[in-house]
Each structure stands twice: as structure tokens, then as C-alpha cells.
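Please go over the structures that come below.
In the two complexes below, subunit A is the common chain; its partner is subunit B in one and subunit C in the other.
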Partner chain A sequence: MHIPDGILPVPVTAAGYAATVVVTWYSVRKINQKENPRQDIPKASLLTAAFFVASWIHIPVPPTSVHLVLNGLLGAVLGYFAFPAILIGLFFQAVMFQHGGLTTLGVNAVIMGLPAIIAHYIFRIRRFGNQESRRKTGIFGFLSGAVAIGISVAMFVLILLTNIPADLDIGTERAALYTLAIAHLPLIAIEGVITLLLAVFLQRVRPRILDGV
Partner chain B sequence: MKLGIVDEYSDLGSLLHRWEPRCKLIGLMVLIFAFSFVRDLRMLLAMVVVTITIYIISKLPVSFILRRLRYPSFFLLVVVLILPFVSGQTIVMSIGPLDLRQEGLIAVLLVVTRFLSILTIGLILFGTAPFLTTIKAMRALGLPAILADMVLLSLRYLHEIGSDLQKMQTSMSLRGYKKHCFSTRALNVAAWLGGSILVRSYERSEWVYKAMILRGYGYAPTTRGEFQTNSRDVITLGVFLLIAIGFITGDILYGRGVAALLQ
Partner chain C sequence: MHMKWRIITCIIFILILDLVLPIKALAHGVKIEYTVNMAIEIIAAYDNGEPMGGAQVTVYAPDEPSSPWLTGVCDDRGYFSFIPDTSKPGTWDVQVRQAGHGDIVHIPIGEDMVVTGGTGGYTALQIVLMAACFIWGSVGTALYFSRRRRA
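Right, the complex of A and B next:
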């Protein structure tokens, strides 16, 4: 779900970079407001690498397989580090594996990163009310995972179909929109379930990780 | 998944290898954005010529780029296969029930040429200097310290965590786990696998932080003047900026490319 180089026009890629600079600046400002911001950098960095590696895990969905995105859980765990972490992950993808691109780095970061921040706030809701329970962690884990990937898919499809350098009629565009949206529904469900299972696993094994970086 | 090492030929001695990293970063990134501006087919030809010329100057082996083209974007492949049949009105030929359209073919040509040219320049940018030097150049150009530290630390542990995952997957296979069918068990196993990777990394990060503090993390003297720019670097940067301006001006002067060509 990364938009490669060569597809989007310059105004869109420039707007993507502008939005990325603003969100990164805001995230870094929030991180610097912590008592000891340097203390969290190794934790955030290693978890960034771990999320990057975890995205190589494939789930068999015959006749193919899908890989995890985990931007919802990443937002839930890393908080304000989530956007820089996604930016770094996408940069590695573009430079090392030629997935995504350098001109589209900003747009792709917005597509993946903004929903991660939304997921962070969704996951925080579990702390309200009574004591944290596994059920609440699971429910808000599912919601943060599914909502994050759902918003990412919607942004990806909209940006792509409105900017692709091709003369598509309204009927074709609408058909493509529906096809892409329906094709991604299983991914949204799987991502939600995996985020639920992962959140419950982390709460059982190492609950401190869920307290955020 | 094998990690793609992009700076394996960073010790060659070409003009681009010797170019001061900050100037190179600015010059090649501006050129990349100029390429993404191009919509005129005649400018596409010039783009291919410029890209090949820069690649030859960089002295990077052809195998370096061919290996990376082995994993082209799946998404790009889909665009290439679908666009010629759905975009535009002018039918060039019919293949069974499918109509091949001129506008779609031109759009594919545009997308693929821009993609390959930008990818090649990106590989030259990161392939002609050690990755650490390029990150330092980004830092010198204003990349926040938090981001620079995160990039370097993530990269440092990416290989180790990747190798952990590989070992865990091998252990799972040896114990009889088959990942070919979809089931709730498959989802559970994937979640436990991902969770184990996260827990291990979290624990490791606590040790890493202590080790970094002991080595003076956060109190290192700021290094000034790490990069020295000479007149040759500035002239090379000027040439690349002129080429980039040339592409943008040329595209504007030739009219709005594809649209003008179809009229």
C-alpha cells in the first residue's frame, strides 16, 4: 500500500512533504516536552525496527498471503514516536527495497502515519472508567488496528484515483474505488484481529510496553 | 527477507562518489523532483538520456540496479497491466474483449519512465556514499537529532531483529508448523510471533540505553566542519540544478505534455 515514484504530480508530493514536516515537527516538539526525551529514543528505535521486521510476517489467505502493516498497534504503543517511526520505516522501504518512493515518501507517511496517531488516541480510551481488563485491551486493540488500516486504505485509494495520470471515466473510477475498497476489507479484519491478539499478548507478557514510550 | 544493502559500492572513486554529500543530496533530490514534474514525451527521452549518463558517471555496476529491479513495485505492475485497457477513448487495437487505448499506453509510458529514472537517481544518491555519511549529511542539512538517532539505531538493530525472526520461523517449521492454510491458529501464531519480536526488542532497548549512557550518549562534543565544500562541489551542484531547471522549463515550454500531444 505504498504509492511508488512517478505516479503522483508534484503539487501532491510537495503537499505530502509539507504535511509530513508539520506532523513530524509537532511529534518532535511533544517528545522534547518529556522530562528526559533521550531516554525513550533507544526504546522507540528498537521498537521501530521490530515493527518493521514484524511486517514481514505473512498471514496465509489462500490463494495468496498478506503481510501485516501494524500501523494501529504502532500508534498505540509508540504514541508521538509513531509518526517518526513510520517515516523511518518508509524511508528504509524506499531505499533498501525500492518499495514506495523518495518523492512519495511524504504522501505515504501521511497515509500510514496520521491513522497511527488516531489509533494512539483510540487505544488510550481503554484507560477510562474501571480497571484495565483484557477484554477492554482486546476491544480497543481491535478498533485501533482496524480503524488505522481502514483510514489508510481510504486515503490511499482516494489519493491514487484522483491523481493517477490517466483519463478515467466516472464509471471506471467508481468501479475501481469499490473494487479496491472491497479487496482491502479482509485486510482490515485481519489487521484488527492481529492487533487485538497482539495487544492481549503484550498485556499478559509485558504490560509496560502498552503504557507507551 | 534479506536486507538490501544499498551502499556496497560506496568506495568506488567516481565524480559522484567524491561529490560532497550535502551538495549531492540537494542536487540529486532536486533532480528527482524535476523528473516527477515531467509530462511531455519529448522530455521523457531527455530524462532517460540524463539518467543513463549520470549512472555511467557514477561507475556503479549494471548488476547493482538490475538486482534492485527484480523487486519492482507490485502496485506499478498492476497499473501497467490495467491502465492501457481502461484509460482514454482512442482504441489502438482490440485483443478479444479488451480494447487497447492510446491514452492509457501513453500514461503507462509516462509512469514507468518516471519511476525507473527516479529509482535510478535514488540508487545513485544512496549508493555512492556510505549510508552513515548520507544520514550525517541529512543531519547537517537540518534533520532533527531525534530522527537521525532513530534512523541509525533502527538500522543498527534491524539486521539482528530480522535474524531473530528468521530463527524463530525456522524453529516453528522444525516443530511442524505449516503456514499454508488460513485458520484462527495461524492468526494466533502470527500474533505470538510478532509479540515475541516486540518483547525481545523492548528488553534489548533497556540494555542498549544503559550501554549508550555509559559511553556518553547525549554528551558527545558537537563536530563542526565535518563536511568541506570546495568549488568543484558547488559547480557540480550548479550543473545539476541547471539540468533540473531545464527539465521544468522544457516541460512548460513544450506545452502540457500528454494533453498537448493528444490534441
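Right, the complex of A and C next:
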């Protein structure tokens, strides 16, 4: 899910950076509009660390394996803090472990961060209507986790499909990308369930953590 | 009689010579020439150890870094080998790529040639860093939850 250096042409990586700057600016603005913007910083730091290590957790999906991303979980629990959290997590993954790349940091932030913001809005739907119930938290927790990773995979495949260099065998690369997309289908369910469990757990033991989102 | 024995001895001698040195009698001289062809072997795997079977390989020569010198495909073990043109010394770039994942390895050919090299893999420092991050994360998590409890 992390696009490394040297895969995408320069205009695409530049556009990724431009989009990341705009979304980061908007996210920080939204955070500053909160009553106490600093209150959620420990929670955001904690989940940034979780995001940072999640990519080491590999799940075998024969014939390949996929790793956790947790962007939907971050979106659901952090709201607009999720985008800067993912950006920082991706930066450290690229610098320390060559997972992703510095030139593709912007593109990767868009691929994983934008669906996190969408997940935030999906998770908020639980507040509409009657009393917020555990079942609604579970359902929208699952949906936020599943939809976010689903959109990320779609964006990842779409960006790569439209930027296959001419000197590669386009048919082979396309087939490999489709295989990769199919291998991520179980991850959609897995991330949905993880987000569901965490959301329900937090609501039961410490509902205040979910107050702001 | 004496003459007869001499002829017989001569025939036997020729027969023995034929048996002992058959090659000398049948073949001509042998000339062997050799040229050293240095093949570069590449093994590509994902960071979890899974081989990049079927990944596409693009080789760029030092004199023309923008257009591929050779393209090919890794086998099921992620293995690929090629013989570079040694008349083009410099850094040869080999890119291995599959489904948007991949890396480029820079191979010096010429005077500063090294026998083995590669990209990726964790250094001791990175492993120490991982352990430190894990401990820091655990302490941070504990502090975060204990802080909430007191509040």
C-alpha cells in the first residue's frame, strides 16, 4: 500500500505533495476550531504510533500477504487529527524503514489520509437519530474501517494503473495490480472488525475518548 | 627368416603405437580460448521475505540512464541474471517492480566493483530503533491511560 520512490513520475508526486499541503492546512484549521485543540494530542500521538507499527503486521493472503494500515480506525477515533497523524507516521516509516518513500510521501498521505477523513464522517453518522447505542457504534465503526481501506486500495490501484511506464510490460503489471487489489479484499473485513472492536471497547470502558468525534 | 621376424616386429610395433596413441593419430591439435563474462545475479524479495516471483526487471546502462538496456522477468524465486556490457563502466541501475512495489539497486561495474550488495534489510541500528520505539510506545500508552484515570 505504500508507493516507494522511483515508481511514479515527478508531476504525480508533486501533485500529491500539493494535495497533502492543502488537506493538512484544512485539517489543522479544523483542529484549531475546537474548544481545546490540545486536548486530543496525546490520543493522536498514541494512534500515530499504532499506525506506524501497523505496517509491520503482515497477514498472509495466498499467494501474497498484506499488512494492516488502520487509516479508517484513525479517522474514526481521531477525526481531523487523523490526516496529520498519518502524514507523520508515513514520514517516519519512509525515513527509518524505507517503507514508502520521501518523494511519494504526498501521494501516500493522500491515498491513506483522505479515506481516513471519510471514515471520520461515516463514524459520525452513529450520532444521528435516536440515542447513540453500542450497536450503532459497532456498525459505523465497522463501516468506517472497511470503507477507508477499500477507498485507499482503489486509489492506490488507480494511480498506479494510470502511470505504468511504457518500457514495462503493461499487461503483466496490470494483472499484478489486480491480483494485489483482490488480495486486499480480506483486509477490508479485517480492518472493519478491528475498528468495530476498538470503537465498542472504547465506548464501554472510556466513552470520553470518543466524545470529540 | 631374420627378415621375416623384422617385418613381424615392425607390424607389432605399429599396432602397439596405434593402441597407445590413438588420439594423436585421429585428432588434430586443440586450441582453447576464454573470455570472462561476468553475470550479475539478482534476488528480489519483499521485506517479509516473500520472493518477488514474476516481477519485471529493467536494467539501465550507465551511458543511457533514461532508456532501458534490458528488460526481463524474475523467476518464481525472485531470481534474475544478466551479463552486463563491461565496455560500459559506471553504475548500472536495476529496477525490480511488481504491482507498484519495487526498488532500484545501483551496481558499480568497472574499477570500484563490489562482489555483493543490495538494498533493504534492517541494520542493527534500525532494529535497536524499533525496540526503542516499542518500549517508548508501551510506556506512553501506559502513561496516557493512567493520566485519564486520575483526571
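Here, the second predicted complex is superposed on the first by the 172 of 213 C-alpha atoms of A that agree within 3 Å, B and C clash if a C-alpha of one lies under 4 Å from a C-alpha of the other, contacts with A are read in each partner's own complex, and residues count from 1 in each chain.
Following the convention adopted for this analysis, a residue touches a chain if its C-beta (ideal position, glycine included) is under 8 Å from a C-beta of that chain, and two chains touch if they have at least 3 such contacts.
Being a predicted model, the structure only gives us computed values, none of them experimental.
S.K.: On subunit A, which partner's contacts cover more residues, subunit B's or subunit C's?
M.R.: B
S.K.: Now for A:Pro4: first (subunit B), second (subunit C), both, or neither, which partner does it touch?
M.R.: After superposition on chain A, A:Pro4 lies in contact with both partners, subunit B and subunit C.
S.K.: Return first, second, both or neither, reflecting whether A:Val95 touches subunit B, subunit C, both chains, or no partner chain.
M.R.: first
S.K.: Look at A:Thr24 in the shared chain and tell me whether it touches subunit B only, subunit C only, both, or neither; answer first, second, both or neither.
M.R.: First partner only.
S.K.: Determine, under the contact definition given at the top, whether A:Leu177 touches first (subunit B), second (subunit C), both, or neither.
M.R.: second
S.K.: Can A:Gly129 be said to touch subunit B (first), subunit C (second), both, or neither?
M.R.: Touch partners of A:Gly129: none, neither subunit B nor subunit C.
S.K.: Touch check for A:His58: first (subunit B), second (subunit C), both, or neither?
M.R.: both
S.K.: Looking at the overlay, does A:Val193 come into contact with subunit B only (first), subunit C only (second), both, or neither?
M.R.: In the superposition, A:Val193 contacts subunit B only.
S.K.: Which subunit A residues lie in the overlap of the subunit B contact set and the subunit C contact set?
M.R.: Comparing the two interfaces on subunit A, one with subunit B and one with subunit C, the shared residues are 3-4, 6-7, 42-43, 45-46, 49, 52-53, 58, 96-99, 167-168, 172, 176, 206, 208-209.
S.K.: Note which residues of subunit A are touching subunit B in the complex, please.
M.R.: On the subunit A side, the touching residues are 2-10, 13-14, 24, 28, 31-32, 37-39, 41-54, 56-62, 68, 70, 77, 81, 84-85, 87-88, 91-92, 94-103, 164-168, 172, 176, 190, 193-194, 197-198, 201-202, 205-206, 208-209.
S.K.: Show me the residue ranges of subunit A that touch subunit C in the complex, using the header's touch definition.
M.R.: For this pair, the touching residues of subunit A are 3-4, 6-7, 42-43, 45-46, 49, 52-53, 58, 64-65, 96-99, 156-157, 160, 167-169, 172-173, 176-177, 179-180, 206, 208-209.
S.K.: Show me the residue ranges of subunit B that touch subunit A in the complex, using the header's touch definition.
M.R.: 1, 3-6, 29, 32-33, 36-37, 39, 68-69, 71-73, 75-76, 79, 83, 86-89, 103-104, 107, 110-119, 122-123, 126, 144, 146-147, 149-151, 153-155, 157-158, 161-162, 164-165, 179-182, 186-188, 190-195, 197-206, 208-209, 212, 217-218, 258
S.K.: Going by the contact rule set out above, which residues of subunit C touch subunit A in the complex?
M.R.: Those residues of subunit C that touch subunit A are 46-48, 50, 54-56, 58, 67-68, 71, 73, 95, 97-104, 119-120, 122, 126, 129, 133-134, 137, 140-141, 144, 147-148.
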